Amino acid sequence: MLLLLIVLLPLLGFVFLGLFGKRLREPVPGVLASVLVGLSFLLVVTSLLGGGASWEIADWLPGIPFSFVLDPLSGYMGLVVTGIGFLIHVYAIGYMHGDAGFSRFFAYLNFFIAMMMTLVLAGSYPVMFIGWEGVGLASFLLIGFWYTERKNADSARKAFITNRIGDLGFLLGMALLYSLFGTLSIGELREAIETSAVLPLALGTAGLLLFVGAVGKSAQVPLMVWLPDAMAGPTPVSALIHAATMVTAGVYLIARSSFLYANLQDVSYAIAVIGLVTAAYGALSALGQWDIKKIVAYSTISQLGYMFLAVGVGAYWIAMFHVMTHAFYKALLFMASGSVIHALGGEQDVRKMGGLKKHLPRTHLHGLLGALSLAGFPLLAGFWSKDAIITATLSYPFGGTGFYVAGLAVAFLTAVYAMRWYALVFLGEYKGDAHPHEAPPVMTLPNDVLAVGAVLAGFLALPEPLWNLIEPFLAPALAHVEVHHLALALEWGLIALSALVALAGLYLGYLAFTRGPLPAWYRAFQTWSSEAFYVDRVYNVLIVGPLKELALVLALFDGFLDTLFTAAAGSSAWLGERLVRLQSGYVRAYGALMVLGLVAVLVWGVLR
Amino acid sequence: MIHVTIFLPLVFGVLALLRPTGARALGLLGAAVTLVLGLFGYAAFLDGASAAYSAPLLAEAGVYYAVAWDGVGAVLMLAVVITTFLALLAARDVPPAMVGLTLMMESGLIGLLAAQDLVLFYVFFEATLIPSLLMLGLFGGAGRIRALVKFAIFTLVGSLLMLAGILALRYLGGAPSFLLADLADHPLGGVAGRWAFAAFLLAFMVKTPLFPLHVWLPDFHAENHPSGLADAMGTLYKVGLFGLFRWTLPLFPEAFALFQPWLLALAALTALGAAWTAYAQTDWKRLLAYGALSHMGVGALGLFSGTPEGAVGAIYLLAASGVYTGGLFLFAGGLHRRFGTLDLRPTSGLAKSAPGLAALGLILVLAMVGLPGLSGFPGEFMNLLGVWQASPVWTFVGFLAVIAAAAYALGAYQQIFHNAPDKPAPDLDAVEWQWGALAVLTVVFMGVYPKLFTGPLLTAAETLVAAMGGGR
Amino acid sequence: MTALLILFMTVLATTFAGFFAPARTTKALTLLGLVAAGVGLALDWGTTFQAFEGLYLLDPFAQGFTLVMIVGGVLALLADCDVHERRGWPPFEYYALVAFAVLGGHVMAATLHLGVVIVGLEVLSIPLYALAASRRDELGYEASLKYFLLGAVAAAIFLYGLALYFGATGGFVLGVAGEGLIYSAAVMMLLAGLAFKTALVPFHWWTPDVYQGSPTPVTLFMATAVKAAAFAAFARVLASVGLGGPVFYALAALVLLTVFWGNLAAMVQGEAKRMLAYSSVAHAGYIAVALFGPNPGPAMGYYLLAYALSTGLAFAVLTQLDEGRGVRLGELAGLWSRSPLLGLGWTVALLSLAGLPPLVGFWGKYLVFLEAARGGQYLLVALALFAAVIAAYYYLKLLAAALFARAEKAAKVTLSGSTPVGIALATLLVVLLGVLPGLGYGLFTAAAALPK
């Protein structure tokens, strides 16, 4: 029951605020919502300390229980979601100050937390799918929060529809698993798969289908197009949903299903490749963006790619580790961006920023720590987790040297664009015309906490022979994979190498974006990158447009069908007209026809 | 009690026709009492306390007035009584005669769900057509006659040929009467079985409807009274899946096995094609018509899968769709009252001036999209689990509609409620709050706690699958 | 026997009453006589009675069919009022002639002797010729003359068949098995002659013209009572010769031709009476469908009753609207607001004719098809039912013309005299017998065994 409460508290907050929020005065809805999420956080902590818990309604649907399970994995993820969620709720009290939809915003946020916790706690795939689609809806509502602008509304719909493509994969994956094993309970499936001899092909297909769901939710190539547009929502939304929590649900799904993927080499390989491609694409696109939030958004895509690289090679705990560190520094980056936007009265173009270091000292600190952590500056959280991923490509079963090299290259790019973001916003001279002012404490305090996390969270899991708290903690909930441990010297050598790469990237970025003009090739690249390599346009021309046309064609076809049926029916009227002509009105004709009829009957009946 | 549930609405309907001035009050009273009776009836059914009843109606011809609740009938009956009450509550500015006709339809619908005799079913099935036709003909729009003829002819081509099938089923199958129990003991196979099956199929494909026999549906909805009352009732009247479930598949197992691949294809194409076509619509009711059509395609997929999961899903989807599609038609009626048009974009940014209306609309639209936690999902999901076992390929094709649904439904929703505010309109008034709250509660309850309904459905579905020669 | 006597007395009484009493009295007298005949039937219901050395056979079959004729006659009398009464129509002989026709019909139904059949046939037909012209206008004369001339041809065919029958079997009584060319020819000609009266295609040519040209109450009577009488004889002939070989195919061809022809032709008509005339042709086909079953009597009787009530109701409504020129579809507009009773009657009648439950017409259709199904004729059933879809289309057209079309002029129609009683009664029966089909069908189950 305690588990149910974790979900119910924010859900009640949503219902209450949705119905009566308008009558509450300003900070009340925000405070209420934050308190509820805080309580959820405490409940997760309590349950974790209590050694886990589970709860279920049997036969919720025929053969499918409605179940919640709090094991190390879901507890870990739940802590991230409610913890970071709580901080962002608090931050939003300041950020959303004065907005007409203040209470509505918190209602939606609470709804999001409820759904995200449903997703996390789910003990069976259908329940996870409830949360899965629920967070999609929350995302839709929050991206389109300022719905009076067409762009926002369209972005919201785009996010929802793109996610649905993935959701279809998730659905079909469930259907396949159900047809193979007759259950969708994750625990039962784990047992069944670990002991069964089902065709690897069928299992592989199931894994692939579930992965399609993850691709949609976590904005991997080729379904990444919705995430940059999702930045149309208020910044706390971007921080919470589109960076720290929801988008990592795909990673969580795969980690949850690790018992499935640990047996599927080919599928895992595909996941790793997709992850790497996404990481590269995100990093390259982040380089050319001019919108302060979009840079961070593409960096999110890129970092999610890393996580998929991790699960792809089989390093499930490392992916979850990165989920956490990423949650800290990415939320921090977004909220720092939010503070900047807040300070500049809504300005988001980095070309009109610069020099904010002296106007916003606190935010500058947050931004710097966040960017460094993202860039993988040695000893910060992002460094440890990203390095763990890159190293894992060599030590985990599905990895390979190619992955390593590419991962390292992307790490370099990451450092460059992280520095670009920092330099354009905080260094140099202020180029805008607003009067920057530091955010109120209700916004900076949560960021302080996040900054601490972005710096220190990495120390929870250090490479051998140092301590590692996360791996053994998560191990019971994840599949066991054979790790081929590297020699200590090699391992630390590689760590030093990636530290060097990060530092080099940072330095190069610093040089390039604070000093003189950029080379010509870069400017050409800049154009492509700023348009995210025109993927949106290609999709519009090749897919969206034709599909819309097809809808019109189908509607026309329906009309044609209608005509066809009408014509068929009309033919009976035609026939009727012909028959009626025989009814001439002349008795002689009638008599003749009657006799003719008689003759026919006689000939048929008598002479035959 | 079952008889009262069936005929009480009819009595109130006739009274309402006789007393036009008090029609609304009478109608609401009648529907409310029926709703209560229906809820008690369902509770009694769950307790196993509802008895079957049978009396000869035309004994010499083997026709009985035999009624009883089984899982399928009872669940759908709930959808009928709830939606009818909702509809009468919501549609307050309709001509008085419509109220009477609505109640008469309710009677027919409850009767056809309860009937345990094939001819009795047929009688209720056809009798319901009369008030439906009258509502369309008397209170429809400018193109109503054409719509009416199309509706009637499609329905009758199916049902009259089904009558031939009914007779063939009994006499060739050798059943002593038309009672379901007797017929089920004498399924009809062979060539005759195929033809009779085709006749049944035709009737129920029209009423499901399935491509390409759906062409009556958009016009039927588009031309009906703008209040949405007739549309909600018309939605309930789409009992094709029920007819297939109870009266077709168990009686022609052999023929069904033969037709199954084609039927799956047809259902999948309906699901996808209709959802896609919905995207191109510019009129609320047409959009909803195609949307509902797509859902029926999904339901048919489940049913044709020949699995218990699919059968449960089909009926659950049918029941749920009665409520949310009906609700959406009424909702469209509310828009019509505000703007005098059913066009998809009478205004924009309406969420600003009417947030309550926006919330109601969103919840209903999301139920239609099949969002988990709302009533559209459990049925859709069970369908999915069922049909995958029969044909993964058609599952994929049919469930592409899941994506298309998001596109057309949210697109339509956003056109009105999002974007820059245009003409403002009043928010929900008291009556709209009442029916809206009831609708939302139903939709949420059906989504959150399907267990209450799927249990009985599963029993019925397993019986069905056993009769079809499958099952586990 | 009581019924026969009462009918006979009624005929005599009304014929002479007309000379010294107003038409009203004749009407009352005829009604009384018909109802009394009905009561007389009821008293002996279900028993078999023979007289005149077997020439008169009042078995349950005859009782059932006579009941239908009486219902038709009563409806025709009740619905005769209003618009036309002011112009001196109907004259007293109208009632007398109706009584004569019912008597003739009864005789036709209640015998196995072909000689008696022809007597009954003429007693039925000749009053009808007069009735058709009773409005004394050109349309009526034309109708009457056509009916008479074609009727004469049909009678000739029947008589010729009768002669051949005598030649083949050596007697006039049905039920004697025969064979050979002559016998076959005799059977075919007998059936063809009766098919004229029942209006089976291709012997139906008179129907549209005569129905349309006659005064509407007369049309009502033709469509109900006359059809019943003709079918009674038709069924008896068929029962005696059996459905083997050529007869089967001939009948099947006639039935299918009739249902399709009647319905297809009806759907393109623009005038209500003519449309219903064609529909009556089609219904003749449906009635004949029952003949393919092992025991057609009850189903046919019930169908005829159902049809008599429904179409009688429809014609009764038209009577109130017809000013002697027929009723164009457009003239029906706004019927409901002009007179709710007419609107209700019209709606119920058409839905019943279309065969929608829970109205009596549905059960009629259901029973005849059931009968044919018991005979194993599924293809025939399916085809005939398919034709019923076409029928539904034009019934809807008629319904739509009256109910759904927005009326421009809506002059109230005031019903007078016995009309509202007749219409209300018929409406009530159509609904009641539809809801409780056992009630009506129970009357006919006694007529189970049609004697060979």
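Which chain is which? They are A, B and C, in the order written, and residues in each are numbered from 1.
The definition used in the following text is that contacts are C-beta pairs under 8 Å (C-beta built on N, C-alpha and C of every residue); 3 or more make two chains touch, one makes a residue touch a chain.
Computed from a predicted structure; not experimentally measured.
Chemist: What chain pair has the highest count of contacting C-beta pairs?
Modeler: Maximum number of inter-chain contact pairs occurs for A-B.
Chemist: In terms of Cα-based centroids, which chain occupies the most central position?
Modeler: Centroid comparison flags B as closest.
Chemist: When the C-alpha atoms of chain A and chain C are each averaged to a single point, how far apart are the two points in Å?
Modeler: Comparing mean C-alpha positions, chain C is 76 Å from chain A.
Chemist: Would you kindly tell me how far, in whole Å, the mean C-alpha position of chain C lies from that of chain B?
Modeler: The answer is 41 Å.
Chemist: For chain A and chain B, let me know how many angstrom lie between their CA-based centres, rounded off.
Modeler: From the centre of chain A to the centre of chain B is 36 Å.
Chemist: Two-or-more-chain contact residues of chain C, please, as numbers and ranges.
Modeler: If we look for residues of chain C contacting two or more partner chains, we find 393.
Chemist: Using the touch definition from the top, which residues of chain B touch two or more other chains?
Modeler: Only 153 qualify.
Chemist: Give me the residue numbers in chain A that touch at least two other chains, ranges are fine.
Modeler: Counting only residues that touch two or more other chains, chain A contributes 569.
Chemist: In the complex of these two chains, what residues of chain C are touching chain B?
Modeler: 298, 347, 351, 355-358, 362-363, 366-367, 369-370, 373-374, 376, 378, 381-382, 385-386, 388-389, 392-393, 396-397, 399-400, 403-404, 436-438, 441, 445
Chemist: Please output the residues of chain A touching chain B within their complex, sorted ascending.
Modeler: Contact set of chain A toward chain B: 18, 57, 59-63, 104, 126, 129-130, 132-134, 137, 140, 144, 147-150, 153-154, 156-157, 160-161, 164-165, 167-168, 171-172, 174-176, 178-179, 547-548, 550-552, 554-555, 558, 561-562, 565-566, 569.
Chemist: Considering only the defined contacts, which chain C positions touch chain A in the complex?
Modeler: Touch list, chain C to chain A: 145-146, 149-150, 153-154, 157, 181, 184-185, 187-189, 191-192, 196, 202-203, 205-206, 208-209, 246-247, 249-250, 253, 261, 264-269, 390, 393.
Chemist: Please output the residues of chain A touching chain C within their complex, sorted ascending.
Modeler: 569, 572-573, 575-577, 579-580, 583, 585, 587, 589-591, 593-598, 600-602, 604-608
Chemist: Spell out the part of chain B that touches chain A in their complex, as residue ranges.
Modeler: Residues in contact with chain A: 150, 153, 212, 215, 218, 273, 276-277, 279-281, 308-309, 312, 349, 351-352, 355, 359, 366, 371-373, 377-378, 381-382, 384-385, 387-389, 392, 395-396, 399-400, 402-403, 406-407, 410-411, 414, 417-421, 449-451, 454-455, 457-458.
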